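Worksheet: the structure to be examined is printed underneath.
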Amino acid sequence: MAAFEPNNPGYRAAAIAMFERQPAMHTLGIVIVRLAPGEVELAMLHSAAFTQQNGFVHAGIITAGLDNACGVAAFTLMPSEADILTVEFKTTLLAPARGERFVFKAEVVKPGRTLTFCEAKAFAEHEGKTTLIATMTGTLMAMLPRATASHEPRPSHA
Amino acid sequence: MAAFEPNNPGYRAAAIAMFERQPAMHTLGIVIVRLAPGEVELAMLHSAAFTQQNGFVHAGIITAGLDNACGVAAFTLMPSEADILTVEFKTTLLAPARGERFVFKAEVVKPGRTLTFCEAKAFAEHEGKTTLIATMTGTLMAMLPRATASHEPRPSHA
Amino acid sequence: MAAFEPNNPGYRAAAIAMFERQPAMHTLGIVIVRLAPGEVELAMLHSAAFTQQNGFVHAGIITAGLDNACGVAAFTLMPSEADILTVEFKTTLLAPARGERFVFKAEVVKPGRTLTFCEAKAFAEHEGKTTLIATMTGTLMAMLPRATASHEPRPSHA
Amino acid sequence: MAAFEPNNPGYRAAAIAMFERQPAMHTLGIVIVRLAPGEVELAMLHSAAFTQQNGFVHAGIITAGLDNACGVAAFTLMPSEADILTVEFKTTLLAPARGERFVFKAEVVKPGRTLTFCEAKAFAEHEGKTTLIATMTGTLMAMLPRATASHEPRPSHA
């Protein structure tokens, strides 16, 4: 995709800090592998605690990785004062999440002042083979301080 | 919605057994609250371990609850020999997942021999108030034994 | 759903005017049947010109009706100076679009200053029977004058 | 993406014939520009008859092009006796559909015996510039003769 120019020169530190402040990422064992303006790659080791009835990783957990990859990718292009919110996403499950390690790659398709559109892919690494197991398209929203100072304690796409 | 006639007279025990075989549900603390043909209600207590940077439950975890609610609802209408697979879903995040308890209600919109379509809603209970925080529409697929005996170790929408 | 309070006392005339300014609605023969704050019902007679290879109405045309129903429903709750834009939608096709007449019912699930979330259903009337044939969930965006005065000739979720 | 091996040696003629049997494509002026196994490119000239209130092509019409591109791409990989059905799609609208000509490019992400997953992009050509205006992810279903001989006059994902 296109190369993007970050609004925030400190985008890398800001994105890492935002990611690290998410307890869910620690609990799921998801880490940042690669980070560039508008692009991110996360990885997660298999954990039996997050599987479904056939021993594959649960679709919701794969979605957590995909959504977070989209969020971090979008966040790298937002101004330094923005917080970020996921508006919606669609996950398509192409193959069972069977593997020892999972990789989530997201990229910004179109950034915007308010809304940013991302795409992400999840891959399973199993016995030396990498398989595309899921895709996501998602819409992310920048929350700027003006909005957070409004009458609502926490704005919800307001 | 319409009342559905289950194909499997033992649908209740089968759905509970399928749900209980999912380690991810135990880990997330999600339980079945109500079960009827084509309808299910799950619930989950807040856990700090699954929150994002603002202290709200992560969208992927909310999606895990919604997806599982859809899966169980669809499964109640499938024949006894079927296994179930999620094909795709879209999650719309209407409000932050802030609360002490979360409820996931799903219902079948249209059952089918191969594909079943479901809708689900997630609610947050916070300080005595219940808020609709997310919706899902999803497609589920019945995997019948014939298919699982095919050349693939695990069929993926084959 | 909830009863909504329109921001624009002239919401009815504004929504009808917006709808009438769409040549696509005239060409497809789609008309407004019912209008209330946050709710709308459109209808379309079958036209062979818009069918696919099996004689059913094309999914894109059904989507045009569903999307417009969502747009009008969302628009009824927007301030008088707003223009409206569709951000994204998902259409699920439950049954073939076979019938003499089609009805598109949309309602706002959650209105917001910037984003409004809607759901819609398409029904086919065929030989005296009404069938749910498709559902949509969509995100709509209010474009306020401030934005339209920006550097872009036409803002795109900017 | 990967190169696909068609099941049907006459895939090209079959796909063109299926496309040509759709009156909606004629009415909208959509034509096939390029066709390969698992890939297709369609094009449509601007028509004022299909615009919305700002003079841009209606999102439902753009969706018709995207959906049909996905359908033809999926169909090229299906066996000769299969008919095809769209199960669901999500359209994301990145920019207004302003232009003299529109191009719809689809490719199969994962083919399957029953379900095929596709992605598509819509581009607007305006004053010599090409802009990505929309994306789609969709699920298509092969309908094999066995199914069409079932008790239902027309199977709907049965």
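Here the chain labels run A, B, C and D in written order, and each chain numbers its own residues starting at 1.
Criterion: contacts are C-beta pairs under 8 Å (C-beta built on N, C-alpha and C of every residue); 3 or more make two chains touch, one makes a residue touch a chain.
Note that the structure is predicted; figures quoted are calculated from it, not measured.
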Shared interface partners, meaning chains that touch subunit A and subunit B: C, D
Pair sharing more residue contacts (C-beta pairs) when C-D is set against A-D: C-D
Whole-Å separation of chain centres (CA-atom averages), subunit A against subunit D: 29
Subunit B and subunit D, separation of their C-alpha mean positions in angstrom: 30
Centroid distance [mean C-alpha coordinates] between subunit D and subunit C, Å: 22
Touching two or more other chains - residues of subunit A: 87-88, 90, 92, 94-95, 110, 117, 139, 156-157
Residues of subunit D touching subunit B in the complex: 87-88, 90, 110, 112-115, 117, 139, 141, 156-158
Residue numbers on subunit B that touch subunit A, as the complex places them: 18, 21-24, 26-27, 48-54, 57-61, 63-68, 83, 85-96, 98, 154, 156-157
For the subunit D and subunit A complex, residues of the former touching the latter: 90, 92, 94-95, 109-110, 117, 119, 132, 135, 137, 139
